[in-house]
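Both complexes below contain chain A, partnered by chain B and then by chain C.
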Partner chain A sequence: MAQTFGWTGKILRVDLTNGKVSIDDTMKYKDFIGGEGIGYKILWDEVPAGTHPYDPENKLIFGAGPLCGSGVPCSGRTTIVSLLPTSSHHGAGSSHMGGYFSVEMKYAGWDAIVLEGKAPKPVWIRIEDDKVKIEDARWLWGKGIFDTMAMIDSQMGKEAQVAAIGPAGENQLNMAVIRTGTSHSAGGHGGILGAKNVKAVAVKGTGSVKVAADRSKLMELDKYMMSIIGANNQMVVPSSPQPWAEFSDKGSRWTGRPGLYWGAANPPVETGTCDPHDMQSVGFRTMKAVFDLGAGAEKYTVRMGGCAHCPIRCHSQLKVPQLEKYGMDPFVSNTCVGWSGPRGVMYNGIKEFDGNGEDSSIVGNAIGTTMVDDLGVWCNYGQIGRDVKYLYTKGIFKKVLPAEEYASIPWDKLEKGDATFLIDFYDRVAHKKGEIWHIADGSAWFAQRWGLGDEYWDYKDNKLWTRGGYPVHHSNEAGAQVGALISCLTNRDSQNHSHMNFIGSKLPIAIQKEIAGEIFGSPDALDAPMDYTKMNEYKARFIKYAVVRGRLHDSLTLCNWMWPMAVSPLKERKYRGDTSLESQFFSAVTGVAKTEAELDKDAERVVTLLRALTVRSMGTVDMRNTHDAMNKWIYTPDKKDGKEIAQFTKGTIQMEKSDLDLGLGMVYKQFGWDEKTGAPTKAALEAVGLKDVAEELGAKGLLPA
Partner chain B sequence: MSESKENEEGLLGSTSSRRDFLRIAGTGIAGAFVTLTLGCATMVRTQDGKNLKVWATPSGAMVQDPNLCVGCRRCEAACTVRNDGKASAYVARVKISRNLNYGVEGVSSAYALADGQHGNFRIVAQTCRQCAQPKCGDACPAGAIKADKKTGARIVDARRCVGCGACQDACPWHIATLDPETRVSTKCSLCDGDPTCAKACPTGSIKFYTWEEAEKLLWGADATSGASAVSGATA
Partner chain C sequence: MDTSGTTTVDPGASAVETIRRDSAAGRLTLLSSLLEAAPADSPRAPDPLREIEESGAEDLKRMDGRVEAYFFSELAMTRSYAAYLFRLAEKDLVGLVVETVREDSRVYPRPTPLDFFRASPFGLSPEQVEDILSRIRERGDCGDIRESRASNGARYLYSTRYLTVAHADALTEWNEVGQAENP
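Moving on, here comes the complex of A and B:
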């Protein structure tokens, strides 16, 4: 194979059915960039419509992109692609892990690992550079993820990076994760590894990612990028007034400040002023422990952790000694919904329990996170908590669970806010005990099983976006129609932050609108929070940009929780970022010169391919009235004192049906898809180089008229 | 970083390891004619006829603070991009990755409480100590490791390296690393006095220290990881 830069040039294929290992050429997939793009292309070419996610015919791809491993800021993520067991039509989708796995995979010489077939008995896969072995997992099967990793590393060496499933994945729970490192979980694909009898994939690499450009060029770009980068979610305004800052916003994740410490470090470390011009304090900006868990978390914080090659540390790493009371180790780490999702089951909140006093909430969060991270349960972006609340408080559990089982569940703890409920609950779920575990089938499936109808889907507090079975994730609360319509285009929660990182930058709305005008053609692309206007052309452009960049980042692989760099913390730049940075890094690392527009076009190909996969798996062109149909609560007006609050008045984020319908058409048009059905047309497919896809869809009668 | 006073003092400096070296080698060297050229290793012939390499003192060394390190490994990537035109963890001169999961000691049944990301989160790097009497340099059969004229860092002359790996084996911490792709050894060169790793670090965890400071930090409290002396305690 020819010398490649950025890409290693090789894809590892492991046929589990017959134990055969082979090498594929990455460059035949280069039009799909890497990571997620390559994954979708392999699904399109090799996994027929109608395949069940747990069938041996399904494939699972661990993907990295050309920038992963090169040291580009925030490039440590792994994109996993396969069919989604939680999806009502088993659509294709991606799950993502941070940590160090994909970087190790690149250094071992692989851009992707494709798992095919099904092993006859439990195995794990050992990859040491170009040496690949399928190992017996007899001793690992049934173990939690923490011990699994230690057992594998004791064989492979301490530096090996492991991606593994817990009992939840082994038991083929739809809501199971694949986890790497101490706290990085990819939600939704754990059960597929279980179905393939694969406990873990472990990698050790002594190689490298080659850089095409002159080394000083890449170092200069890094320096430039480091001046533009903000805090977690690209928030560029600090949460408290700082000597260097013109603005501050209490809701910002830029929480570092004088007097705030990593309190459990020894000696404690002050996060400090974090002037954006000081490259050696960037890692202190995001003091996520207090943001996620409250001020009381400061004293438990050992440090902030995160992913390879990312200067923004968003994973709080805590020492919570109280965990030892519950037989757990005191060290626990996670971020965002990694905390709030698992503990969300405590719908009544966590009150004082077990003498844990005012820190009960932190202890409770730590219990929840430790449980799901060891067992490998996925929260479906917080849905599991909302579902427990609905099913319990509406009396549905009482109806559908056998009486004996119902009586055995410590509901009193749930009501009292005693977080030890989580230990009992996740044990039942992960080990498929009784009937209650079916909650982890995901909404689309237990709604059928337990006979839940419109009332469940249309109930506002359930926050379910479509009947596909996934919830909001920066949806109508994030930029009105922008977040709302982005949420319609995937087969799971949209996980899109390209819009959120811009909307949530915490810059004053006037500046944000100016920047929106420069990028999307008009300040009207962006509404002020809780002060929405009707759909317009510029919002549609914003949506296209956000969706395209989401796929771009998951293909490159860059972290979409940080990228793109539309804004900066620098007054001297008038807070402007640089949306061409992805293409600048791409060109420098790979040596394939691409402009911002050209790289976006490649990512649009990936967007369109995912759409084609969805059309094919649903067997209809009518995306608008099936896949993209939003649940009613989204466009039902709120009420105050018995009176409806009209949409598009200040203070409400409720959408309007006709406006969303109009918006869908405008988004379809942005991509050149059929405005009536939302399916890609022959012309649209051909315009992004997917002629073969158009031919197959045509043959199946799945092209719009 | 400029050439320091210590550098000029060379072997006659007063820090402990240099004293130790002179004590150990003392009788052998007595009477031999020793010339020291700044920035070079000089061969001296002892009374009993052995050749001994005497090394100029480096200006200092890189030391990481495990209490501040966040494990992002930007130092490793920056190091290898600058020095090799590629990004790699294995050949990076700053060794973070190898200790990231379980600390220096590696996996144990008590991993959940031990160093590393799978334990107490403490991240202990290993950096080149630019030893007074570097085992890597002494072991090199090709004379490819020498003291840099400007910084005194023990550097690999890629043209002379034969790729035997003797330096890697000889270093008690295996810092010198044979690059499996080029078959040439790599080790910390202090980047001509402007260490790239330090500039890439987002928390100021890794820094350049003068020889005397570095010696205290690296040899003072904990001869295995050394660096715990920076913060003075463990997490």
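Moving on, here comes the complex of A and C:
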């Protein structure tokens, strides 16, 4: 194989059915960048439409991109691609882990690992550079993820990076994760590893990622990037007034400040001033423990952790001694929905329980997170909590669960806010006990099983976006039609932060609109919060940018929870970021010179391929009225004092159906797709180099007229 | 961080250095402290105002209070932060709250949480905040300042010059509750 930079040049294929290991050439897939792009191309070429996610014919790809492992900031993500068990049509999708797995995979010499077929008995896969062994997993099967990792580490050493499933994955729960490190979970694909009888993939590498450019060039870019970077989610103003800051916002994740400590460190570490010009304090900016868990978490915080090659430490690593009372490790770590998703089941809140006093909430959060991280249950971006609330408070559980099972569930704990309910609940779910576990089939499937109709889907508090079975994730609450329409284009929650890392920067609206004007052609691309205007051309451009960058980051692989860098914390830059950074890094690392527009075009190819996969799996070109059809609550006006609040008046984020319909057409047009159906046309497919895809769709009658 | 506005003047430091040092430490520099008599053998200029003027240092800014004058350096402190300290030093707490709320409502736009004034650099007690609210309600020129409340009980202020009631209520709920539910 020819010398490659960025890419290792090799893809590992493991056929679990016959134990055969083979090597593929990454450069066959270079037009799809890496990570997610390679994954979708393999699914398109090799997994026939109609395949069930748990069939041996389905494939699962652990993917890294050319920037992963190169030292580019925020490049430690792993993208996992396969069919999605929770999806109503088993559409293709990606799940993502932070941590160190993909970097170690690159160091071992692999751009991707493709798991094919099904092992005849439980196995785990040991990868040490180019040595690949399929190992007996009989001693691991049935174990939680923490024990699994410890047992594998005892054989391979602590430097090995392990991606594993828990009992939930083994039991082929649709809502199961693959987890690496202490707290990095990829939601939605755990059951596929279980179906393939794979408990874990462990990798150790001694190589490196070759960089084309002179190292000083890469360092220069890194330093430039480090001057532009903000805090988690690219929030660029601090959460409290500070002498250096022109602006502040209570909701910012830039929580570091004088007087705020990693309180359980020995000695405690002050997060401090975090002036944006001080590169050495970037890692103190995001004190996420207090952001996610409240001020009381300060004294439990040992430090902030995160992913390989990321200066933003967004995972809170806590020591909560009270956990020992429940037989749990006192050390617990997570971030964002990793905390709020599991505890969300406590719909009535977590009150004082079990003698935990004023710290009950933190202890309860830690119990929930420990349970799901060990059992490997996925919360479907927080949906499990809303579903428990709906199913319990509407009396549906009482109706669909056998009476004996219903009576055995400690609902009183749920009602009074005793978080030990979570121990009982997640044990039932992960081990598929009784009937209640079907809640983890995912919304699309239990709605059918339990006969839930329009009322379930259209109930506003359920926050379900389409009948595909996934919820909001920076949707209409995030930039009106921008977030709303982004949410229609994937087969799971959109996981898109390209727009949020701009809209949520916490800068004043005038500055944001100026920047929007520079990037998208008009300030009208962006509305002031909760002061929405009707759909326009510039919002459609914003949507395309966000969707394309999402696929780009998941292919490169960069963290879309930080990238792109449209804004910066620097007044002297007028708070401008630099949206060409990805292409600058790509060119430097790979030696393949690409402009911003050229790299975006490559990512657009990945967007269009995902769309083609969706058309093929649903067997219809009518995306608009099927896949993209939003639930009614999204465009039903709110009411106050019995009177409807008109859409596009200040204070409401409710959308308008005709405006969304118009918007869909404008977005389709941006991609060159058919404006009537939303399916890629032959011309659009050919324009991004997908002639073969166009031919196959044409042969199946799946090209728009 | 000491934001009291009082400085310990280093007799060996120039006025320009003192102001920059204080700003870096998050403090305003009082003119009165600069005017303190320096030892006869001090390298400091006898007239700090002339020294500042002659230095041509464009980063140095002056704010005049009722009695005192204050300096800060824009190299280390923004105007917005200096304005907070200025009103604190002048004990203009009503002005501090009213102007902060109006500015937030105009610029971001957003309502201002009451607990904003509890934290650094303000450090106001709950009783002080309530007292300020009473005084705002009594003043004839603050009729635009209204209170909103989120479903979790958190209280915010906003200015009707820039936010409607419905808009402020929605933003309050979003900032306090909705944002956390959409992480």
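Basically, the second predicted complex is superposed on the first by the 705 of 705 C-alpha atoms of A that agree within 3 Å, B and C clash if a C-alpha of one lies under 4 Å from a C-alpha of the other, contacts with A are read in each partner's own complex, and residues count from 1 in each chain.
Heads up, the rule we're going with is that contacts are C-beta pairs under 8 Å (C-beta built on N, C-alpha and C of every residue); 3 or more make two chains touch, one makes a residue touch a chain.
Keep in mind that this is a model prediction, so the values were computed, not measured.
Undergrad: Specify the outcome, clash or fit, for chain B and chain C once both structures are aligned onto chain A.
TA: fit
Undergrad: Once the shared chain is lined up, is A:267 touching chain B (first), chain C (second), both, or neither of them?
TA: First partner only, chain B.
Undergrad: Could you say whether A:510 touches chain B, chain C, both of them, or neither, answering first, second, both or neither?
TA: In the superposition, A:510 contacts chain C only.
Undergrad: Could you give the angle made at the Cα centre of chain A by the lines to the Cα centres of chain B and chain C, to the nearest 10°?
TA: Computed from the C-alpha centres, it is 80 degrees.
Undergrad: Scan A:258 for contacts with chain B and chain C and give back first, second, both or neither.
TA: second
Undergrad: May I ask you to decide whether A:325 touches chain B, chain C, both, or neither, giving the answer as first, second, both or neither?
TA: A:325 sits against neither chain B nor chain C.
Undergrad: Quick check for you: in the superposed arrangement, does A:594 touch first (chain B), second (chain C), both or neither?
TA: Neither chain B nor chain C is touched by A:594.
Undergrad: Regarding the shared-chain residue A:100, is it in contact with chain B (first), chain C (second), both, or neither?
TA: first
Undergrad: Does chain B (first) or chain C (second) touch A:394, or do both, or does neither?
TA: Touch partners of A:394: none, neither chain B nor chain C.
Undergrad: Tell me which touches more residues of chain A here: chain C or chain B.
TA: Counting contacted residues of chain A, the larger count belongs to B.
Undergrad: Can A:576 be said to touch chain B (first), chain C (second), both, or neither?
TA: The answer is neither, since A:576 touches no partner chain.
Undergrad: Compute the least Cα distance separating chain B from chain C in the superposition and give it as a whole number of Å.
TA: 20
Undergrad: Where on chain A do the contacts with chain B and the contacts with chain C coincide?
TA: Correct list for chain A: none, the interfaces share no residue.
Undergrad: Please output the residues of chain A touching chain C within their complex, sorted ascending.
TA: Residues 240-247, 249-251, 257-259, 292, 336-337, 340, 382, 472-474, 477-478, 508-510, 528-531, 571, 640, 645, 649-653.
Undergrad: If you look only at chain C, which of its residues touch chain A in the complex?
TA: Of all residues in chain C, those touching chain A are 1, 23-24, 26, 76-81, 84, 107-110, 113, 115-116, 119-121, 163-164, 166-171, 174-175, 178-183.
Undergrad: Write out the stretch or stretches of chain A touching chain B in their complex.
TA: Checking each residue of chain A against chain B gives 69-71, 73, 100, 103-104, 107, 129, 146, 149-150, 153-154, 157-161, 181-182, 205-211, 215, 218-219, 222, 264-267, 269, 279-284, 302-313, 317, 319, 329-331, 333.
Undergrad: Please output the residues of chain B touching chain A within their complex, sorted ascending.
TA: So the residues of chain B in touch with chain A come to 67-74, 77-78, 80-82, 84-91, 97-102, 106-107, 111-113, 116-122, 180-181, 196, 199-204, 231-235.
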